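Working notes, beginning with the structure itself.
We call the chains A, B, C and D, going by the order they appear; numbering starts again at 1 in every chain.
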Amino acid sequence: MTKKSKMILPGMTRRQIVKAGLAASVVAAAPGYMRTAGAATPIKIGIPTVITGGYAVLGSHVMRTAKLVKKMKDASGGVLGRPIEFLFKDTQGKPADCVRKCQELVERDDCRIFTGVVVSSEARAIMPKLDEWNSFFISHGNGDGRLTAELLVPNFFRANTSAPMGARTLALFLKNAEQNDFYAIGSDYAWGHSSVGAFETQIQNVGKNFAGKVFAPVGNKDYSTYITKIMQSNAQGCYVALQGDEGRAFYSQAQQYGLASRVTMVTEIVAQANIRALGKDSVGLTGSSRYPFTYDIPENKAFVQRFTEEYPGELPDWSDGEIMQALDILFTAMEKADSTDAKKIVAAMEDLEVTSVKGATLMRKCDHQGQNQGFVVRVSESPDYSEPIPKILEIYKREDVTPKCNSTEYDT
Amino acid sequence: MDFVGFLLTQSLNAFSQAAILFFIACGLTLIFGIMRIINFAHGSLFMLGAYVGFSTAAATGSFWLALIVAPIVVGAVGMAFEKLFLSRLYIRGDGGAYLMVTFGLAVIMGETIRLIWGPHPHGISTPDMLRGVVILLDQPFPKYRLFLIVFGLLAALGTWQFLERTRAGLLIRAVSQNAEMVQALGTDVQMVRTCVFGFGCAMAALGGVLAAPMVTAFLGMSASVIIDAFVIVIIGGMGSFLGSIIGSLLVAFAQVFGAYYFPNMALAIMYLLMLVILVVRPGGLLGKEE
Amino acid sequence: MNWKTGFVITAFVACLVPLVSPNYMMTVIIEALIFGLFAMSLDLLVGYTRLYSFGHVAAYGLGAYTSALLLLHFNLPLPIAIILAVAISMAIATPIAWVCTRTHGVSFAMLTLAFAQLGYAILYGFKDFTGGSNGLAGIPRPEGPFGLDFFQSKIGYFYMVLFCLLGSYLLCRALVNSPFGAVLAGIRENEPKTAALGYNTRAYKRIVAIAAYGFGALAGALYAPFAGFASPELFFWLISGTVLIMVIVGGSGTLIGPIIGGVFFLMLENQLSEVTSLWPLIFGSIFIAFVMFAPQGIWGLLTARFTKPPVQPGSDRDGEAARAHS
Amino acid sequence: MPILECTGLTRRFGALVAVDAVDMAVEPGEIRAVIGPNGAGKSTLFNVITGVLAPSAGRARFMDETITGLPVEQVAQKGIARTFQLTHLFPELSARDNARIAAQARLPGRMKLIGGASVIAQSVERAEQALDRLHLSRFADVPANMLSHGDQRLLEIAMAVAQAPRLLMLDEPTQGLSIEETDRAVEILREMLADGDLTVILVEHDMEVVFKLAHRITVLHQGRVIADDVPEKVKANDEVQRAYLGGFE
């Protein structure tokens, strides 16, 4: 009988079934051989990041800088006198994969320190598990304000500038701007809502008028309707919380509409990857920057120089700077705790102040949020670089930029 | 802005979006018409088009050259793939096989692009003559989008006339009606299939190049576009060329006006539209139920 | 009925897995089993009724979100929550099945896709309820009933999943070998004829669709509490495509094949992505290789040398047999 | 009283009247042939009676129940089994399974989701009897699409028989068969019908076949009944002669 004709009255031999049983057990066992062995002595740091898929660009920044950091640290005697081993795992930006990879890192490699998570829903998925895993997770780029407010868990710290902080920085910057009415467009996910929400309150705090807001679906590609809405609002300013692909799409199309000539746009994150892709169209773009590589302090200069030596033709993006700072803070805390144990690191990191590529940052005890300075930059052309670069317009004090403890709110 | 001006701008927005969607959808539907396969890789070919276009523009500095080179390259890739794999599957004629092969191709293509061009996005800047806006009812509207509308219109008319008037077009329609018959009449159906597949891929590539100045070329662009293309082809009717035009317009208008009036349900509207149409006409507007 | 012996042996072997496999493997193994169950549920439609569903992810996501919401808001005992989730999902699936089964072929595929995408869109529409793109995190695994709590440990959860998988397999097997299943085969082969014989084919299609949703929902309902979260990715249309591939790669219309396909590929992806970032290339190539060289699928390959070639009609009519073929 | 009674049954396709006010009464146990030149409306009549097509006018009563307007499957459930002009089978299933699905169609447990072993056993038994009656037992395990055309025609009849119908409607059972195949098929059919437990309506334009099998003949011409009588009378009927160009040599 053919396969199909068998379907009604399948008569299967014992041997077939046994075969299936064997097959199943083989499948179960096989990966054992493939497993990548990890040395015992080095300090293992898990980097479950996006290697393949849509967000790969952000993952690639994390990896290149992490590799650079390893070189530099190992050269200078490592951490706690031990070499560093980064374990890069591909999560494809999917929470499901992120949780699984972390679980494996914990159980197989006994690796209990994580950073480099790209997507905020990934961060959300693993945070509730940190305690069970007795693991430590320091965010280098997850923006959702609530991660250090209502969603905070003990073994989590955030080194980077959060969405509300970015919005706050811009609000402070716009305080004395001539524009009075502001509209806001954000991406329809956690980070976008967090940013726009914060901007809405902040801009009103500084005595401006908030003209309205709109959220574009994740992965939206045609922004014409939203541009129309912005123009209809008759606001003189527009706050843009769109990242990566969405940000580029918006700015390309806004440029085609000549939107900039009618509305002053300020953006949540100025990213070098976008500047490069947009080319000369990006010139004049103003916004807050989580990390402008042009920040002129010795710690940063050294990093940028080392970085450009290592990766000729590349410039550090915001995520390069943020992962760099996150790792600096992590290592300092380890040295201070003289341990790699999660609990000890947490204790050591509370109220720890570290001066890294973004200047002095204080890891607040009360809500584990890193107090970062706020940078406002404008994209400009420069004789020293082949592509436009962010020129720093203003730097705001970390106390003014960081929200109240366990909150996304500010006093004034 | 006054309501008329608003309607005009929004409609033009929709038309320009429809133009890009059409380039992907018409290839998809023609391919389905001829070989009864749903080409999962179509989005990746669209993406490949954008990247090839970028490289061409970067090398020559000419957007227009990119518009010519990308379709040729991608069309060739498509034809090669059809010859190498799909052509061996027709005798089997089971949908699953096509699904897997094209799905596999989509995965491979996405990865190959990442390896060749890297994970970073690449922009194609709007050609200078298409920069800036024209004022319609004192609303600014981008020249580039007007260009898209015109270009899309010409492409649609051209393809339609080609299918209706030319002998080759007649042949294509004949094959989609009854391949065996055409074969029996001594025409090389396999050749027709290869060409149509290549043509479909070339159209997708065109769409990719045209989209690049508005969204830049990036790794995620395939997944976001293929699903829209599916919806369009289904709404219009699988295999119906005119259907793909109507579908593109419907979807574009649904998205543009939906996003305006129901921003929270922007995603859902397109699928609601698709549901309603499928429930009323299971074969799509101009299609016959398979 | 020697398949029973085989089943027992396989089940026994499976029960030993936690003893032989290192603990860190269990996570991926459990997820693989869940995915295998999901793939098998689709096989009811694809393999036995030749209804290609392009939106089967809806079943998975529905199960995951319902169980997640039940556990988060009502703190029900885990088994109860899962059973309820399946029931609710099937209830929701009923009207969907009713609409989709009016059609067949490509139209069916696309209608299912439309419903799945609608679900995906709705997740974003009702953020307060579904958490939008954040999804729902911190899903508990409350103990009970009768103080049962073995499933709170990972090994325990493995056995619960295994139990569900084996149980579902037996149910599905009984279903496709029942008189009902025979009619499904009829519909698969020639629907008009089946109707002409006196069967109300739509009713049968409706029932099998709801059943497929039920088993798919079970897979989702098992996943959410295990991972501890549910996010829109569980509703993403690409998963529908992937699971369809798993069914075909495993060998559609065999139930066992799709299970193997699902388990095999989830583990393969996980392990490959460990060793190389080129894994998607290898993955895609495997798909194509299977279509080209092993259309019968994994299970087909495994069993090929055991199944006898079809009995040929008497030699006197071989010519006609050939003609009947062409 | 007649088992099937058609009164004024009419089916129009636009201007064309395919079946035109057909009155026909078939008695239990009778073997009725419906003949007529191509396009006379024979198959259309079949399709109207079995619910494949809705009638434009008139009605068909079966066992004192009106069956016009019922969907196909319900007509079948009343006990009317039919074959199609173009063979309709389950190509990849074995002959046994083909017949088995047919046999199961009117068993109470046909919708059993789980188990139903007794239903299966019963239907398998019936299926094998049916195959035996049409001399197909040796092909029981052969997939239908591997059978010769002739055996495929017979298999479809076997399926109809397996349905245990009160009325069996055969649409050109010998269509497309070679002379030898036809003779063989007719032998098998005659033997099968000899038991006399079946009422049969048979569409056929091979006169040989008709006169070998039929008790009574209805002649259709351009949708209308022009004769309804025993074979000998029909043979003699001039109008039939005229309608049938060439007549019966």
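In this section, a residue touches a chain if its C-beta (ideal position, glycine included) is under 8 Å from a C-beta of that chain, and two chains touch if they have at least 3 such contacts.
Every value quoted in this text rests on a predicted model; they were computed, and no experiment measured them.
With chain A gone and every other chain left where it is, what groups do the chains form?
Leaving out chain A in thought, the network of contacts stays intact as one piece.
Would you mind checking which chain's C-alpha centre is most distant from the centre of chain B?
Farthest chain from chain B, going by C-alpha centroids: D.
Could you put a whole-Å number on the gap between the CA centroids of chain A and chain D?
73
How many Å are there between the centre of chain B and the centre of chain D, using C-alpha atoms for each centre?
50
Return the distance between the CA-based centres of chain A and chain B, expressed in whole Å.
Each chain's C-alpha centroid was found; their separation is 34 Å.
Chain A to chain C: how many Å between their CA centres?
35
Return the residues of chain B touching two or more other chains; collapse runs of consecutive numbers into ranges.
111, 223, 264, 267
Mind pulling the residue numbers of chain A that touch at least two other chains?
Within chain A, residues 1-2, 4-5, 8-9, 52, 217 contact more than one other chain.
For chain C, what residues touch not just one other chain but two or more?
Residues 124, 182, 185, 189, 280, 310-311 of chain C each touch two or more of the other chains.
Which bits of chain C are touching chain A when the two form their complex?
2-3, 5-7, 9-10, 12-14, 16-17, 20-25, 27-29, 31, 47-48, 124, 132-135, 137-138, 176-177, 181-182, 185, 189, 223, 227-229, 231, 233-234, 253-254, 256, 260, 263-264, 267, 270-275, 277, 279-280, 296, 298-300, 302-303, 306-308, 310-311
Mind listing the chain A positions that touch chain C in their complex?
1-25, 27-32, 34-36, 51-52, 89-90, 94-96, 99-100, 103-104, 106-109, 120-121, 124-125, 127-129, 144, 188-190, 217-218
Give every residue of chain C touching chain D within the complex, in rising order.
Chain C residues touching chain D: 171, 174-175, 178-180, 182-183, 185-186, 189-190, 192-201, 203-204, 207, 310-314, 317, 320-321, 323-325.
Okay, in this complex, where on chain D does chain C touch?
Within the complex, chain D contacts chain C at residues 50, 52, 71-74, 76-77, 81-82, 84, 88-93, 97, 100-102, 104-107, 109-116, 119-120, 123, 138-139, 141-143, 145-152, 159, 163.
For the complex, give me every residue of chain C touching chain B.
46, 52, 99, 102-107, 109-111, 113-115, 117-118, 120-122, 124-125, 237-238, 241, 244-245, 248-249, 252, 278, 280-281, 283-288, 290-292, 295
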